């Protein structure tokens, strides 16, 4: 006996992207490149990479929305003010390499920035810290959570943020920098990095609330008219939670390490704030686990309902069939055309058959009643 | 093929509140606020926030049930006596900020006090300890466990307790302070904090006993007349236990840390008592786990009963149908109207058919008996 | 749609006691009492509390079976000989308090002695160690494991054992003390405490063998005539194992701590023996886990058997019905009374119908044979 | 409603031995004996206990196959050569006590040697190490794994091995000692002990391969003709793996401790070899876990096959019955004997009924086809 | 009642190899050999063992593709340049022993090189490190993952790699050495070893993508036409993931240890790179776990679909049978041939029966509609 092939001959590329990109996540790159080779592995893009920066101290703020000449950034490195440089798009690897060379960033870090699908992690170097984390976005049309890798390089007076594509959860931070609300501008690059991470984790709660809504809806369906769609939704919810959990689980460890790191790049004051965001990460994880348990219970409930409905249909059928099949046999007997059937010719034959049939039916009904089937 | 949408278009807000508030717990606040912004996130309230305090030492006790001018509290800060200030209601964030400023409480702590849905936790600061825990209440009408976040700020000569709404498990403590029973008044603020935590944990046992009663009732149903309602109850019990577990699991760690903290705010004498309440927390957890196992076993039993009942109905049907369907065929044969059917015209035809049918039926019955179906 | 209420209006008190006392275990006491208040929480008893003691050294032994005046014990405290004082019954809390006061026992310990349902634990104080453990008893009539809390207070020259009710596993120890067999009398109070714990753990093996016997019996049933009773037995076995596991799991940790404690109350020589009893505790736990796995496998086997039997009944029914229902239809056709039915009047009609029916039946049988259903 | 009794009145002693001896393992001994009392608890034996020894150094070897006078061993204790004394049979407890006294072995060790069913463990004493491990044997007739407790007492110049019965995995070691192959004779008692443990662990691979073969066979059955026997085999395989796992799991820890022990009895050179055998133990465990996962998957596959076959039988029955039951009703209608049934007397009546029936059948068939049931 | 035998009499050798070699993995060797005996245990091979080496420093590179005289290698040992010696084929144990002797490799290491089926591991010796890892290959025909054991011996100026058979993932490394791309040639033997491990781990991602594709295909089937083949594929995917996980799980620990080893053989510079490959290993593991969860969810979905389809067939059958069986009984009644059946002779008899039957059918239909079955 031959086993079925488990790898298909050809595969719908769109669907492929969806699952592969989500569960294996890390794209393949050309094998055999030396480590530290910067290769972009995400979806190809034609758009120009956009660089913007905010350079600030407590008093002043300089903002540039679209830097075309990267050497403008060189000055930021040495100025006493803190700067936040944001790069939208990772396909211009030459650009990443130039920045890396100028700011003294390790080639392995540059490789990971471009090779999306990294695990959230913290790498400590003498001059800077490298943090990978994920921003989650809710795609309404496909109804799924989409990840975007964010790389932060945190130096003593700068923060670089590399994003796969434009659009992020950082706008409130930009606003706070511009208006000078809070003490963000006074506190330097490590506090800015904290603020970026905090904004990201805050957004996880929004995603969780979306998934929570979906869970409720599934529950209503379960109480009212459960079907295979309900089951499919519940499974889909479990999957989306896998994506959230995978983004947040390692981040929690990143934050715990960051909180206790001996690196001089993180000031004592910022550690209190990092404890706060670590706390939030633990809360998200806990909610994900609770929701998983709740959804697991709903799946069990659904399965038991299917089993029970089968059981009920079975009982109805058994009662109907068990009562009428014998009766049909009896009337069949007296429908036979034998010449010699004395019962047929007596006056009491017909009523007697009725009496017999009724008592049989009543007997069977009582027996089923005793078993609790009717 | 299109997958069903998992997020519904609109959602019943009441039901929403119920599940969201329970399983994701932490409400969303406006994104982009600087950390340390005090925003209340619980259900809105029109009621005035009520402040009360008890100021005491071994000899004297001053009680104020409803402080309207918050500056009355300022004196408590410097007096040598211990004080317990209780705040019912968190929506007056300006008030919380004023207290925080005067008593030197970190803005992140103030934020967490108002932003309910925190995880139970302990944060150590030089001047005070910040403890978050939950009081559980049994809501008879919805038959569910409702959580209320309690924030304790434990200073060297004061304890602040912030509650979401009036009503708590602390009345026995108030009574003991008033009557001077036990040594509570002699032992200072850390012992008072212990007493508050202890009262909260003691109440968890009450909740557990409620859930235990529900489990028993479900078990009785399971033995007598199990149905889909039984299954739903069992699932609901599992859920309520999730809520209890979520409240108590991190609290256990809080207590373990508190027991061993190097903070001078906790005296040696109080540590013995903290070990005791830690012990109780472990006991609650253990009972929750045991009950989960028991309820899990009951769910398995229920499912096996449904399967077995289906099996029994199936066997009854099979026996009835297998015996009578062939017989009905036989009588059908001799009900045919062919001109040429020699058997119909012999004298022994009719009895012979009966004999054949009876032996067929007996044979089938014996065969079913051998299989253990009758 | 309304959910069913999960907490019943009224509850059979007997059954209540059974489940509540077993799975939540710790009884509720009046809330609001100061810590250290000694309140008895077990079932009320009218019997007089019985105190007995054995005072011994290597040469001499004094035994008193029923001490009516508790002050007789005061001398034991100061004498150089070791003493074992056993108290049967915990409802005379005044007595416990008097003993506690004289022997300098912490109020929290006294509270835990009387408030049964504690978790097995070890608390180290300077002058004594406090150990809680459980004796298990097999109640033949209800066929369940019943727990009894034993509190040991181990001083430098005395051991107190507090029991909920008369009857224990300690008689062999008493005998060994009286006869002087082994070196028990020479080795002081810590070795006596070891002996008491050892006797308790040894008894767990007896309980395990009882549960093991039940498992075997269930297995025989499973091989011969499995029914819903088998399933219920298997679930009950799993529950009784929960009780055993809950008694032994924390005890293992108690013993590990006792083995390595820095307290001077435990001599070097006794530690070797404690390692031995720790080993036994681990063995009990391991057997419980193995039995759980075995019982889990039996439950799976049972469920698969039910599914398979349903499947077999289904196949018999399908074969019978699929063969005879079409045939019955055919004979029905020629039982119709239409005036114009030419087939009825040909000579070959009747045999042709038979031929057609036989070939249909044979064809269906062959098809079912190919599918492996007959 | 009464629950079924879970402990049977009487029990077949043979079957009893099988399960009890396997899953609870540790036999009961008379309670109340002082610790250190040497009591044999395995099956009774009439055979004489056989003692043999090998005394060797790099140059010489003395072998005695059956020592009748135990005092012959006394000399081995003081000689500079290494010796291996093997004792087959544990029922002569006086003998074990004599050896123990002469070689200074702790009474608790002697007790554990005779009281079989110990957990694999390592106990370190100043003069010797005590190791318990299990040899596994495949009993072809009952098709199960049988355990035999082996106790090793490892001194500076001797190793004692105590076995429950003759027959072991040590013959290759004996051969290597006799021939002097390898450096076994040069390396002293700790290396000999390593060799004995290594031979035992090597044999676990043989057992694993037996169980692996059984798994394959079950898989073939699963692909070809799965039945309840397949399920039972799979469950039996899981059980045998429980026995293997229980023998090896604690042994792994024993070896890890032995590898890192500070005892001078283990030389630096031997530690490398112990790391090797530790590695093998981990490999066995890993294979057991992998096989468990594989068998678990096979059980799931089996269960899904049963469900699917029920589903298929169900669909065949539904199609057959749904088509022919309505048709049988129709022909029944025209088999009625009413005087006034105009259809019966028209010429087109009979063909019209046929036309109606055929179109009904075709309609139903098409509907079933659309649902994918035919 | 006799239990079925679990070990078959004879076994198809081909199939045997497949499962045994995969799940128990470590082949049996002749028992009783002294440790350190080099025995090859993989499939026998007739091919000559091929040795090749690359000797290089930053400037020069010497390559020999097929060394026939092993003594050519002796010089590499002492030269200042780094060398990589690759051995394809392990059946020439004499050769392995000669190399081992000359390079001072411990006999236990030589034994493990030839005795394939080791667990991935790191053993540190003073002069060299021994690393075992697995290369995975996708065998398209059998659609399964095949493992090949790779042994690395890493000295200060050489790396030996021993492979079971020709063909590996190392070609890109060879190419980089030849072209001098990257800094591989400048960085010595530890960096070369890193590069070999990195190439191996990179290939795991390729395998994961293959398994990911299979998962997608199974998902498409599940949405469109799920059958028992789908279930079998899902189980097979789970198995292949077991193989991948088993290869990578211990490797992760190997890499973590290598990263932090105190051995001087690993330079500070290489540690950063080892952290990178460790990271990749964790990513592979995480993806395997995610895929397992996803596949687990798909299995649940499949099972629920089977149950639901049974339920639907059941309902169709129940509705059809429950409506037509009573009607067939009624028409049977009036097909009886009793002389005295007054209804038969009235004019309204026939229409009245029709009216009665139609109202019965409609009533039943309405009842089923209320239950939601039609």
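Lettered A, B, C, D and E in written order, each chain numbered from 1.
In this text, a residue touches a chain if its C-beta (ideal position, glycine included) is under 8 Å from a C-beta of that chain, and two chains touch if they have at least 3 such contacts.
Predicted model only: the values in this text are computed from it and were never measured.
Look at the contact of subunit D with subunit E and you find different residues on each copy: under half of the numbers used there are shared. Its C-alpha atoms fitted onto subunit C, subunit A is found rotated by 145°, rounded in steps of 5. Centre to centre, using the average C-alpha position, subunit C and subunit D are separated by 25 Å. Subunit C and subunit E have Cα centroids separated by 41 Å.
For subunit A, the set of residues that touch two or more other chains comprises 232, 307, 310, 314, 317, 321, 325, 328, 332, 335-337, 341.
On the subunit B side of its complex with subunit C, the touching residues are 140, 143, 169, 171-173, 175-176, 181-184, 195, 198-199, 202-203, 205-206, 208-210, 212-220, 229, 232-233, 236-237, 240, 272-273, 275-276, 279, 282-283, 286-287, 290-291, 293-294, 297-298, 300-301, 304-305, 307-308, 310-311, 314-315, 317-318, 321-322, 325-326, 328-329, 332-333, 335-341, 372-373. Within the complex formed with subunit D, the residues of subunit E that make contact are 3-8, 11-12, 15-16, 19-20, 23-26, 28, 31-37, 106, 108, 112, 117-119, 121, 123, 225, 227-228, 231-232, 235, 238-239, 242, 246, 299, 302-303, 306-307, 309-310, 313-314, 316-317, 320-321, 324-325, 327-328, 331-332, 334-337, 341, 343-347, 349-350, 353.
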